[in-house]
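Each chain carries a letter (A, B, C, D, E, F, G and H) given by its place in the written order, and its residues are counted from 1.
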Amino acid sequence: MLKSELLKILMQVSSGSLSPDEALKGIVQRPFVEAAHGLNLDTHRGLRTGVSEVVFGPGKSLAQLCGAVKALSEGKKPVMVTKIEQGSGLDLQKRFPEGKYWDIPGVFLLNKDIDLAHPWPALGRTLIVSAGGADLPVALEALATCLFFNLDAGLVSDVGVAGLHRLFPHLEALSQAEIVIVVAGMEGALPSVIAGLCDKPVIAVPTSIGYGTSFSGITPLLAMLTSCAPGIAVVNIDNGFGAACFAVKLMGD
Amino acid sequence: MLKSELLKILMQVSSGSLSPDEALKGIVQRPFVEAAHGLNLDTHRGLRTGVSEVVFGPGKSLAQLCGAVKALSEGKKPVMVTKIEQGSGLDLQKRFPEGKYWDIPGVFLLNKDIDLAHPWPALGRTLIVSAGGADLPVALEALATCLFFNLDAGLVSDVGVAGLHRLFPHLEALSQAEIVIVVAGMEGALPSVIAGLCDKPVIAVPTSIGYGTSFSGITPLLAMLTSCAPGIAVVNIDNGFGAACFAVKLMGD
Amino acid sequence: MLKSELLKILMQVSSGSLSPDEALKGIVQRPFVEAAHGLNLDTHRGLRTGVSEVVFGPGKSLAQLCGAVKALSEGKKPVMVTKIEQGSGLDLQKRFPEGKYWDIPGVFLLNKDIDLAHPWPALGRTLIVSAGGADLPVALEALATCLFFNLDAGLVSDVGVAGLHRLFPHLEALSQAEIVIVVAGMEGALPSVIAGLCDKPVIAVPTSIGYGTSFSGITPLLAMLTSCAPGIAVVNIDNGFGAACFAVKLMGD
Amino acid sequence: MLKSELLKILMQVSSGSLSPDEALKGIVQRPFVEAAHGLNLDTHRGLRTGVSEVVFGPGKSLAQLCGAVKALSEGKKPVMVTKIEQGSGLDLQKRFPEGKYWDIPGVFLLNKDIDLAHPWPALGRTLIVSAGGADLPVALEALATCLFFNLDAGLVSDVGVAGLHRLFPHLEALSQAEIVIVVAGMEGALPSVIAGLCDKPVIAVPTSIGYGTSFSGITPLLAMLTSCAPGIAVVNIDNGFGAACFAVKLMGD
Amino acid sequence: MLKSELLKILMQVSSGSLSPDEALKGIVQRPFVEAAHGLNLDTHRGLRTGVSEVVFGPGKSLAQLCGAVKALSEGKKPVMVTKIEQGSGLDLQKRFPEGKYWDIPGVFLLNKDIDLAHPWPALGRTLIVSAGGADLPVALEALATCLFFNLDAGLVSDVGVAGLHRLFPHLEALSQAEIVIVVAGMEGALPSVIAGLCDKPVIAVPTSIGYGTSFSGITPLLAMLTSCAPGIAVVNIDNGFGAACFAVKLMGD
Amino acid sequence: MLKSELLKILMQVSSGSLSPDEALKGIVQRPFVEAAHGLNLDTHRGLRTGVSEVVFGPGKSLAQLCGAVKALSEGKKPVMVTKIEQGSGLDLQKRFPEGKYWDIPGVFLLNKDIDLAHPWPALGRTLIVSAGGADLPVALEALATCLFFNLDAGLVSDVGVAGLHRLFPHLEALSQAEIVIVVAGMEGALPSVIAGLCDKPVIAVPTSIGYGTSFSGITPLLAMLTSCAPGIAVVNIDNGFGAACFAVKLMGD
Amino acid sequence: MLKSELLKILMQVSSGSLSPDEALKGIVQRPFVEAAHGLNLDTHRGLRTGVSEVVFGPGKSLAQLCGAVKALSEGKKPVMVTKIEQGSGLDLQKRFPEGKYWDIPGVFLLNKDIDLAHPWPALGRTLIVSAGGADLPVALEALATCLFFNLDAGLVSDVGVAGLHRLFPHLEALSQAEIVIVVAGMEGALPSVIAGLCDKPVIAVPTSIGYGTSFSGITPLLAMLTSCAPGIAVVNIDNGFGAACFAVKLMGD
Amino acid sequence: MLKSELLKILMQVSSGSLSPDEALKGIVQRPFVEAAHGLNLDTHRGLRTGVSEVVFGPGKSLAQLCGAVKALSEGKKPVMVTKIEQGSGLDLQKRFPEGKYWDIPGVFLLNKDIDLAHPWPALGRTLIVSAGGADLPVALEALATCLFFNLDAGLVSDVGVAGLHRLFPHLEALSQAEIVIVVAGMEGALPSVIAGLCDKPVIAVPTSIGYGTSFSGITPLLAMLTSCAPGIAVVNIDNGFGAACFAVKLMGD
C-alpha cells in the first residue's frame, strides 16, 4: 500500500466521508480468499506485483488443486497450474472439462486459449532458446507462462553448443528480441555463448537434464552463474515459469 | 556478423568493389587488440554485446593490468577495472594519475568522472537496494558500473528484513524504477520481500557477508534462487558488476 | 538420577530399611521395556526429559510398530506414532481400531482424542504459522504433537512472504503467543520476517517443499540458520515433531 | 504496527486532533537513525522484537563501527559490538575509553558494566554449558549477551562427552535452569546427551572448533539438527549471540 | 568453416560463377535436419568433430527417439542410441526390427552389426579395463561405441584392486594398447594403479556402482581426478560413451 | 608372493626339479576362477587377506549372482551374499534350496548354518551395539559376517543416547569384549559415548536411518569421524559387513 | 562405574563402615582437575578408556596450554600436546625447558623421551605406512603417539601407488605387524592396495595433502571409506593421533 | 615386470648363468633411490610409465626439495619442480644457480633449457589454448611440461567465450594439432565449444580463477565433465602438468 493510497484514505476520514472503523477495515482488509484446506489465495497479487497468482502444483492434493482452481477462476478468470504430473493433470481436466492439460510442460490452463503444439513461433519480444531436445518441457513452461500473461513470445529449440551452427539461422530473431530466455542442461554453456554474441539481456534457466556430474541441474546452474559473458541472470533449476515471470514484470501490461 | 552484413560484403565482391582477399580479411579480421602478456582485448564487445570490455582485476599482475588499461584507454576512452585490492588500486592510480581508485567497491576508473561518495541518489530507473551496511562494497560496484555505462541509477542502503520498516520510505522510489537490483547477504530474504511487494523485476545479488552457515554467500544465493516471489533472477555472489550489466543491456544506449 | 535421589536410597540402606542388593536393583534397574524385535522402549523418558517416548515410524516394520504401540499403550496410556505412510497407518488402525490415523501429517494416535481437521484454532500460547499450503503436513505434525502433550496451541496457515499481507490479520495472535513455530519451505524467509516483527522467540522448521535449488529443504534450513533477525532457533527439515517438543519442554506440565 | 495503534491514529484524525498529513507522517515515520556511511540504525528494534539493536562487527570499517556506537549510545544507552577482532576492538576502546573490549569473546561494551572474567557463576535461569576448552569464546559471547540484556545466566565449561562424568556435578544446576544453551564443536554430541538427561529445552550452538571432518562447524551443526533426543533447537555456527537472543526473547523484561 | 573454404566461395563470387545470394546460402546453410518435435539433428557433426551424431536416450519420448533414428538412418546409415532403458529399447526394436537392442549397456544399434556378447576380445589398440563385475554396463557402452566407430578395441573385466593379481595376465595387452580406458566404481583406485604400471595414457571412467560414501560415483570421480599417477584424464560418471569418443577422435578414420 | 616363496621356486629351477616354463606358470598362475558374465572370482583372497571372497549383491543380475554362488560353493564351501533385496534373495533360495535368505539384513547363506533370529547373544569377543531399532539391518549384517567367519560375537540393540541408561546393563559385556562395533544413525553420538566410557577400540558404523539433515547417513558418518573420544575408526555408511571384516582380520583364524 | 564397584560401596554403607554422605561423595566425586581458564582435565581417562588425556593444541591460548601441561605433568607424569604450530611449540619449550618440541609432526613432549628423527624403525607390531613424502607430518604424529603410549611401532614412508614397487621390500614387515596404519593424501588408494595384499586390519588416515579435487583431504577420506578391499577402517583427515589411539586401545598395556 | 623378462631370468637360473640369489635380487631389486627425509625417488618411473619422476613442490620443505633435486639430477639429468611459490623457487635457484625458476607457472628447471617467455609458438602437435589472461599460470605449466618432455607444443592464450571471435584466427592451428589442451576457469565453456568445432580430442583443464560460484574451480570442472560435446576428458583443477603428461604418454618418445 503506497503513501498516496494511504493519504487518500486518511483524507476521507478527515472529511468524514469514511468512519475510522471503515478506514481501518480498508487498510487491513484481506486482499486474499480463504479457500478450502487452509489455503489463502492472494487475489490481488497481480495488482501488487504485476504477476497474478498461479497455482504451483507439487505437494498439493487434488482437493487442494481443485479448490484453488475453482476459487481463482471465479468470473471466468484465466487460471494456470504448473508442474503437475500427468495423473493429476488429467484429473483436473475431468473436473474442469473446459480447461486443457498440456503434458510435456505439465501445465493446466482454464479460461485461457493457448496453443503449445509444435511448430512454435520463432520470433518475439521475449525469445526463448533451448539447448537440447530434452530441455523442451522447461522451455514450453516458459512459453506457456509468457502467453498466459499475453507477452509476445517465440521459441527456438535444440540449438546447443555441440552444434552451434544450428543457432546461426536465428541470429536475427535474437537481434529483434528485447529479452532472451535461454534454457540449457548438461554443462549449461549456451547462455554464455549467446550473451557473448548479442546485446540482449539473458535470463538463463538451468535444467535437470543430464546424468552423473550434471547433478540434476546444479552444474548448469553454477556455470550460468559464473559466466564470464556480461548480462546474464539466472533462475532456479527447471524454472521456466520464473524466467517468464521476470519478462512479464518487465514487459507485461 | 549478421546475414545482412555478410550479404553486403559479398555484393561488393560480386561488383568488383572489393577483392576476395580484402573481403576475407574483412570477414575474419580481428576485432580485438593483442596487449602485452598474452592478453587479447575485445575492442568491439560493446558493439556486439552492448557492454564494452571492462577489466576484471583478480589474478592479473600489475603489468597485465597496466597493459590492459593502456590499450583500452587509447583515444581517451573510459576504462573501468573491478575487484582490485587497495594495493594494486593505488599502484594503478600512481601509473595513471588522472584516474581514480575507489576503495570500498575496489574500482578503478579512468577517463570517466563518477562520484561514488555518500550520500547517493535514492532514485533512478535502475534502483539498487542493499540489505545491510556490510553489503555496501557490492552495492557500490553495481552503482559504479551503472554510472560508467551512463544509466540513470540510485542506491538505497541498509534496509534489510531485520527492520523492514526502514524500506517503507522508499516504496515510491521502487514504484518509479524500471528494474531493481537487490543486494543482500546472510539469509538473503530481502529480494523475496521486495518482489512480493512491487511490480518491478528484481536482479538479486547475494553477498559473501556473514559467517558460519552463510557459507560465503551460498545461503543467500540459494535462498534467492528458490524464492517463492515471482520475477527474481540472480547473479553470482558479490557480482554487483554483473547485475548492473544486465540493466545496461536492458536500458543502455 | 540426581544426588538427592541417590542420597535417599543410601540413607535407606544405612538405616537397614533397604538391603544393599535391593538398593543396587533400584539404582541400576531398567526404566525401559524390552519389546519384540530388539526394541527397548524408554518408559520413563517423560519423567526424565519432560517428553514421553513417541514412536518414530520410518524404518520400522509393521511388526515392530505394533509391538511398540502395544507396549507403550499398556494401561490405556496415550500413544503417538509419527511420519508413517498411509499403508502402514491404515494397517495400524486395523490392528488398533480404537486409534485414529491422520493421513496429512502421517500421525497415528491411540488413547488420545485430538481433532486435526480444518479449521484449526488460530490462537494459542504456542502459535504455529505455516508459509505455504504445501507445508501443512509438517505444521499439522507440530500441532498434533502440541495437543498430544496438552499444550494450548493454534495454527495459522498459508501466509508466506509472496503475499505477506495475509499475515497481518494474525499480528495480535502473534503478540499473544509465548512461542511461535514457523514452518516454511522454498527460500524459508518467513521466520526472519516474523522474528523482525514481534518479540516472541521463534522455532523455525524448514520443509522439504520445493524443487531444484530448494534441495529438499537444505535452502530454507540454511536461510533460517543464517537469519539476521534475532531470536530464531531451528530444527531438522520437516521436523514439526521436534519443534513442538521444544515447546513441550518449555511449557508442558 | 498493530491494529490498535492504527485505530488510535485514525480516531485522532477523525476527531480533528491530528491532520491527515501529520497522521501520514506518524504512520510512515522512520523509527531508525541514519548514521554515517549509509547505515540505518533500527532504534526501536528493542520495542518491536524485544532485542534492541546490537552492532555486528564483521565487514564494517572502523569508521562505520564508531558511527554506529556513537549513534546508539546517545543518552548513555548501553551498546554492544560483537565478533570484532583484537585490532578493531582495541581501536574502539581508544575511541570510547569508558567502554571495555573483552578479547576472548571479541565483544566491546559501552555504558554497561559486565564481568566476563573466570570464574563464572555456574547457576542461572539460563544455563550455558560448553563442551571443550576451545569453545569458550562462543560460550562467553552467549554469556555476555545474556548479561547485557539483564538475564540471570550461568556458565559451566569443558564438560564434553569424552569425559561425561565432568558434567555430573552440574546436574542440579541443569534441573534449576529454565533453558539450557549447549555450546559444542567437534562431533557436537553434548546437546543430545543433555537433552536425553533433563527436562529443559536446549538451544544448541555448534562451534567451528576442530579440524578435518569437523568442516568448520558443519558436522556439529548437522549432528545437533539430527539429534534423536527431544527438545533441541539449533542456531548458526559460533552464534552464541543468537542463542542468547532466543533466551532474551523468552525471558527478557 | 575454415578460411580456405571461405576464400574458395569468395573467389567463385568474384569470378561470377556463384551469385552473392547463392554464396550467402552456402555460407549460412543448415548442416542439420529438423526432425519432429523440435529436434535439430546435426548431420555433419561427423565431418566437423570426427564423431557423428549419436542419439542420447534419456529425457526423450519414444516419438522423439523414433524420429531421430529415422532421420539419421536415411540411406541405411548406421545409428546408435545410448542409455535407454529396457522398455524403450524393446519398443525401438519393434519399430525398427532390423536393429538390435543390447540390454546390459542399454544400447540400440541400427544398420551396424556389432557383437557385444561374452567373451569379448581382450586385446586392441583401445583397451577397456573394468574393475568390478557390476561395472560391465559402462564398460560395454564404451566397447559398443568403439566398435560403432570402427576402432580396434578389446575388453578385460573384473580385475579390480581387491585382487590385483587378476590384472597380471593382461599386462602384455596393456603394453600393446595405444590408449587404455579404465572403468571403476567404489573407490576408483584402478586407474591410478594402471597408470603407475604402464606407459599408456589412461581415460578413467568412474561408475555409479557402490553405496553410501561412493555417492553415486562422486568418490571414484574425485579419486581419479586427484590421482598421483601421471597420464590420467577423466570423463563423466558412467560415461563409457564419452571415453570411447575420445579414443575415436584420437584414432578414428 | 613373498621373497621366501620366490626363492624356493628359483631354487627348484636351479636344481632342475622345476622347468623354467613350469616355474613361470607357478609365478603368474591365476589364483582366481573366471565365472560366467565376465566375473573373476578371487579364490585365494582368504589366504591372502584373511577374508575370503564374499559376493556383494547390488548391481549384479540374478544370472551373475547364481554363477558366483555356484563357483564359490564348489566342494560345499560356505558362501555369503550381502545386500540383496527380497526379490533376488528369494530367487537365490529357490535356485539353492539348501541355502537360507535372511531378509532383515538382506543376506543369503549357503553351506553355513547361522541363526540370526532374535534373541541374539549379548556377549562376545566382538560386541556389536546398535543405537536404534531401525539400525538392526546393519547390525545384523555385521553379526552375520562375524558368525560366517567363525568369530565369537554378540549383539546388543536399541540403546541409543536418547535413553542412555538402556546401555548400563551391558557395561560388563563391553568390558569383556575385545573390540566393539557400534552401529548408529541420526546424529551418530553413541560411538563417542561408548569410546568415552570404556577401554576397547570402537569400529563405528553410520547408518542411513533418519531424514532431513541425517542426509542418508552423512551426518552420523561425519560425527563419528570427528569424535573427540579416543579410539574410534569408521567404515562406510551401512557397512556392517566391512566393520565385521575388520574384526575378522584382527581375530579370525 | 561398574555394578561390582557400586555394590561394594553399598555393602560398606550397609555395614556402617561408610556413612551415606561419604558414599555419596565417593560415587559422584570428580575424577578430573579444574585447571585455569575453565579447563577440566580428565585425570582418569587413562583408567577408563585406556588412553590418558593428551592436550589437543588448536584453539587454546598459550596460557591454557601451559596450565594444562602443568596440571597433567604433576608428579613427573608424561604429557603430550598435539597439532601445535611452531610459534606456540617453541614457547612451550621455553616454559618447560626439559620438554621437547618436534616441528614436523607439531608435537610437544614432556617427561617422555622419544626420538622422532630419521631413520625410523621399519618394523613393529603397529606398522605405519605413508604414501608420499608430504604425508610425513601425519605419519610422525601417529608414530609419536604410539611411542608415547609404549607401543612397539615402526614407520615406512613414501611408498605410494605411483610407484608401488617401493612397497615390495616391506611386505615382510607387513606380514609381521598386527595392525597397519596407512597414511595417504591425493586419491588415497594405498590403503585399498595394502588391504588387498595382506591379512592385517588397516587403519586408514587421509591427509590434507594435495590441491584442487583433493579438497583438503575429503577425496582420500571418501576413497578410503568406499574401498572394495576388506578390513579397512578410517579416521579423521590428518588424524594420525586418532589412528594411533585405536592401536593403543587394542594393544596398549 | 613382464612375463618375457621373468622367463629370461628363469632361463638364466636354469642354465646356471645366474644363481638363485642373484636372480632374486634382480627380481625384487629397488628401482628407486632413498633420498634424505624419508623420500623414495622412483628412478625408473620414466621407463615404466613413460613419464619420469617430476618433483611436486607443495608440502615439501626446502631441505626435501633440495635433496630430491640433487638425487634426480645426478649425471646432469634434467629435473623439473612444479607448483612452488616464489620464495622457495628463488631459494632453489640460489642452491642450483645453473637452474632457472619461472615465477608465473611456478616451475623450477635444472639441466633443461626451455624458454617460457612471451610470445609463445602458436602451433604444435600438442596445442594449448587458454580462455582468459588469468589462466596463464596453468597454461604455462602445461607448456613447460610438454617442452620438458620434448613434445612439439604451442600455446594460444586469452580466447574465451565472452569474445569467441578471438579464437577464429587459430582454427587452422587447431586443425593441425593432434591433441588440444584447453585451460579455462569461470564457467569453463571453452572446451565444449572447441570440441564442438574440431575433430581433435580435448584435454580440459579447469582453473581456480574466478570468485563466488566458481568455487575455486569446481564449477568449470563440473561443466567440463558434463559437456555435451564429444571427445573431452578432464584433469584436476589447475593441473596443467597432468594434462601435459597425458600428451607425453600419447606422443612422447
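By our rule, a residue touches a chain if its C-beta (ideal position, glycine included) is under 8 Å from a C-beta of that chain, and two chains touch if they have at least 3 such contacts.
From a predicted model like this one, the values you see are computed outputs, not experimental measurements.
Asker: Show which chains lie in contact with subunit A and also with subunit E.
Answerer: Looking at subunit E and subunit A together, the chains touching each of them are B, H.
Asker: Between subunit D and subunit F, how many steps is the shortest route if every step has to go to a touching chain?
Answerer: 1
Asker: Could you tell me which of E-F, E-H or D-F has an interface matching A-E, in the sense that over half of the contact pairs are shared by residue number?
Answerer: E-F
Asker: With contacts defined as at the top, give the pair, E-F or E-G, that has more of them.
Answerer: Ranking E-F and E-G by C-beta contacts puts E-G first.
Asker: Counting in whole Å, what is the centre-to-centre distance of subunit F and subunit H, each centre being its mean C-alpha position?
Answerer: For subunit F versus subunit H, the centre distance works out to 41 Å.
Asker: Just how far, in Å, is the C-alpha centre of subunit H from the one of subunit G?
Answerer: Taking the mean C-alpha position of each chain, the two centres sit 37 Å apart.
Asker: I'd like to verify one number: the distance from the centre of subunit C to the centre of subunit E, where each centre is the average of its C-alpha atoms, in whole angstrom.
Answerer: Each chain's C-alpha centroid was found; their separation is 53 Å.
Asker: Out of subunit G, which residues touch more than one other chain, so two or more?
Answerer: In subunit G, 3, 28, 48, 56, 162-163, 195-197, 212-214, 221, 225-226, 228-230, 236 touch at least two other chains.
Asker: Can you name every pair of chains that touch?
Answerer: According to the stated criterion, the contacting chain pairs are A-B, A-C, A-D, A-E, A-H, B-C, B-D, B-E, B-H, C-D, C-F, C-G, D-F, D-G, E-F, E-G, E-H, F-G, F-H, G-H.
Asker: Considering the complex alone, what residue numbers of subunit G touch subunit F?
Answerer: So the residues of subunit G in touch with subunit F come to 2-3, 48-51, 54, 56, 171-172, 175, 178-179, 195-201, 203, 221, 225-226, 228-236, 242-243, 245-250.
Asker: Okay, in this complex, where on subunit A does subunit C touch?
Answerer: Residue list for subunit A touching subunit C: 28, 30-32, 36-40, 42, 45, 48, 53, 56, 58-60, 64, 68, 83, 208, 217, 221, 236-239.
Asker: Along subunit E, where are the residues that touch subunit G in the complex?
Answerer: 131-132, 160-164, 186-189, 192-193, 195-197, 210, 212-215, 218-220, 222-230
Asker: Please name which positions on subunit E make contact with subunit B in the complex.
Answerer: Checking each residue of subunit E against subunit B gives 3, 6-7, 10-11, 13-14, 16, 19-21, 23-24, 27-28.
Asker: Quick one: which bits of subunit G touch subunit H in the complex? Just the residue numbers, please.
Answerer: Touch residues, subunit G against subunit H: 118-120, 130, 133-134, 136, 157-159, 162-163, 165-166, 168-169, 209, 211-214.
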